[in-house]
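Could you have a look at this structure, given as structure tokens, before my questions?
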């Protein structure tokens, strides 16, 4: 537990009392800074601070109040106030309250000081708003993070004056290698059997030991945020949100509708909250079974893959039976859900849950008893607690390294306050710990669904009429299978003015470098898979300092030169 | 020792589970009655209002006003099978089927068009809205019979002329 | 005369049913995965398709094809050298040393393949084969030699004595394990570990070249299965008449192949350093115990 | 390299189809359904279908995703690495019609748009089948393979209704 003064043990997280407590804490802590503190929608407090005091405010909230970096968003508000704005969203897990540090950036001098050295977790999202909104960063090395390589400099898609369908001609960028590496760089990707998505890891090895990792992602950047701000309407966005990721899509669409409902103050009927929570947990079960199968396949144990997915098929059919589609459920709409879980469907749900529980229990201990699987999971891909805390990792990766973080407990939402469940916690931080966390979570989800089905109230399932006032700010978060999924929203006319999605894998990829260093090459695929990466959610690039702490400016490395071989 | 050989238990897991393969296409697909498949537009009920076109997130349903015809084109290839069009259609002309065997050799085979005849304006003769839409609008708005078949521009002029006459009266 | 014809029949049989055994193995693996699995002739269909495809070869992969062809030839030669459950020596006079040289050269070829290709994955795959190959080759060769020493055979033409000596047991175990490891199945298919190295050495080959490579791997597996069958059938050769012991030998080869397949399904893939350490440990124990027992003359 | 007569190659292919999974920026809904087709309930191995690790070994590319701008050069390189006969199964509404982000700045817009680029690059594709779905069910993918192999005639036809 954190040592921050005035433990909030007795305060109900996310309640009015907690928000009031945090507000006083902020006023006391930031008393000497010229700040404006006011309540935003739901459980968030906005701290407006002038640009030159951003670092002090961030330091106070992140280090003194022990807040976790959730995300940050740049926004082009020149139409409204003639400025760019940067929002840093930090979460106080102990109180269940979000603190949004807002900084106004003048149009002609679009620069903002970095807080990546204070809060390393914010490293990537800073680079993102530098790419997409064009707000530069001072006080740190910068490089391109999100935009494709052949994208011209100076064209920032998330600026309001750039049309969403712009297609600039490709710009040839020479591949300069500033790192003199004579050891072979092993390209893992973009098309590699262990990775079912195009991402690109370059492992620098000495013999079979990985000495360093270079990751180049962003193959799946589809410009979703730009489409949502310029083409799609409020009603259509849940369907694009659901397709941010093909495994945890429902988390994104739930997070989006909750953000809009919180901003507009829409009262969602309680039955809809229950249905959303049930379908979220069904998605967690299918996602964890899927991951268990893929992990077995990577370790060469195909029987494990086949049997876990045999069990998972029942959950996919159950999801289709409840929502109408195997994966893209499409039942989330602003104000509630489109499909009801009526009485005669409940027995079928319970029957499938019993089947999954029984089968997974005895399959799990067969899987973990296979000598190779057990041997290659233990002790590989270690992530220590301090490193995990520094990088603000989320989900099973955090819970396997001793960080007790679960959005369902820290920032209670939907119907989770009515159910009791245990959050598995391990401290070894290796691949086996992450596996065990996921298996235990799976059984917890089954018990959560049973409790929800018992206590589900009657009543209708959606609100038809609602008013969405523009200019309101809100933050919503959901515990996706891979971790905390945070959506930041500023409402606008007919469609959101700014909608920022921070998927869980976004926080976990930087931790990969720590896990992969000095490990065996053969363990790289299983360690990469152990954070259960979902690149279509994330899509970011990270630059890795060469071992030995020397910081080098790195451009794209021409793999062919380094490895001396031809990559097909 | 027994704990070491527990992985052999896999044989008993497999024997209990037996072979679960569903021999598709010889046996039926693993489908439930709630599955949302291809969407079908019923020509008899459709009035060409375009509500489904506005709501369709991937623009699979598009509206083309060419010459004296309004085409409502449904491109199955881009459809995401969310079923929102069926929900917003005022005349329930859109039904969701269970069809998923849609593979084809060319994307043209995935187009479904509904062609509406557009009514020509009584004054300027320019085609503007489908007949059924005008009829539906006429039934809803009482007393609109005399200028229902006039295109928006002419109707505006008529209205303006009416006001001028009234004021100049 | 009978012996030569039996031996030739055996080799022809091997060439034909190796792919069938492979699809049978895939079928059994599918059953354990609780699914149907491919038809029995699936591997033949695969080979037929591969030989109809276009040959796309990068300049560096050409020598690899040569290696694969020589490997195929060597495997067939080894099958000729192994007495098919009958007291017969195809290469009379030099039969045992010749068998040992053939087995060593097959392993050597795989190691050579690792140096040839310049694709990064193939290089890494090759080095892994190299590591496992070295350890395993030593074990396999000592096992083959010890079999004949402990049964008092100096040439295949002689009839081995029926009595099973206690020293035969560790030798048998040594041979069975090293034959299994040589067959390149999980947990020791590390050189071709599909999820990590995108099928290692084979990554560059396509079409007919890939077809020959896969076929040569099947032939190598058949050699491993028949070596294991040979170790099991040797004590019986004296008791049965030639035809019966030939039948038993062929049956045993197929049974050994199936057993290899089942073991592969139950295990996961090991890592090259763990596998190498484990193998060195087990082999040294077995070799020391068997040579000691044989030395003492038991 | 050597010219291969396509007809005999296609006939030989009916019973043994090696597929390579190429994700060009998909949300991985369809990719999971592609993997699902290998698992016990659908078991495409009974048709002789096998997932292979390198385009060099593949006959058919299971193409998913709307081709983001970043993956375009790598997609072309992977397709060029395949030996002939080279066939593509475009799976999912992203691959067939560009999906919900078909006109975004960072997306090419599905396989039909890629075909023009491939012609310019001189990469010949022998046969293409489009499998709609979001995600395309494993059975729909199997049906797509059957259409690709010519075992089944495609049911879906272009329809034009006149409204009187």
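Labels for the chains are A, B, C and D, by order of writing; each one numbers its residues from 1.
Please note the rule applied: a residue touches a chain if its C-beta (ideal position, glycine included) is under 8 Å from a C-beta of that chain, and two chains touch if they have at least 3 such contacts.
Keep in mind that what you see is a predicted model, and the values were worked out from it rather than measured.
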item	value
Higher-contact pair (C-beta pairs counted), B-D versus B-C	B-D
Between chain D and chain B, distance of the C-alpha-averaged centres to the nearest whole Å	26
Intercentroid distance (Cα basis), chain C paired with chain B, Å	62
Inter-centroid spacing, chain C versus chain A (mean Cα positions, whole Å)	49
Averaged-CA centre spacing for the pair chain D and chain A, given as whole angstrom	30
For chain C, residues that touch 2 or more chains besides their own	32-36, 194-195, 198, 203-204, 265-267
Chain D, residues touching no fewer than two other chains	39-41, 43, 46, 53-54, 56, 81, 99-100, 103, 134, 137
Touching two or more other chains - residue numbers and ranges from chain A	193, 239-240, 243, 303, 306-307, 310, 313, 328, 370-371, 568
Chain contact graph, described as a line, ring, star, complete graph or other shape	complete
Chain D partner contacts - residues on chain C that touch it in the complex	26, 30, 33-39, 42, 45-46, 48-49, 51-57, 194-195, 198-199, 202-207, 210
In the complex with chain A, residue positions of chain C that touch it	29, 32-35, 58, 60, 118-121, 123-124, 186-187, 189-190, 193-196, 198, 203-204, 265-274
Chain B-touching residues of chain D, taken from the complex the two chains share	40-43, 46, 93, 96-100, 102-103, 110, 112, 127-134, 136-137, 139-140, 142-144, 146-148, 152, 154-164
Parts of chain A lying in touch with chain B, wherever the complex brings them together	232, 235-236, 239-240, 243, 303, 307, 310, 313, 317, 320-325, 328, 330, 338-339, 359, 362-363, 365-366, 369-371
Partner chain D, residues of chain A touching it in the complex	147-151, 157, 162, 164-167, 170, 190-191, 193, 196-198, 218-224, 226-227, 231, 239-240, 243-247, 249, 290, 293-294, 305-307, 309-310, 313, 316, 326-328, 534-536, 568
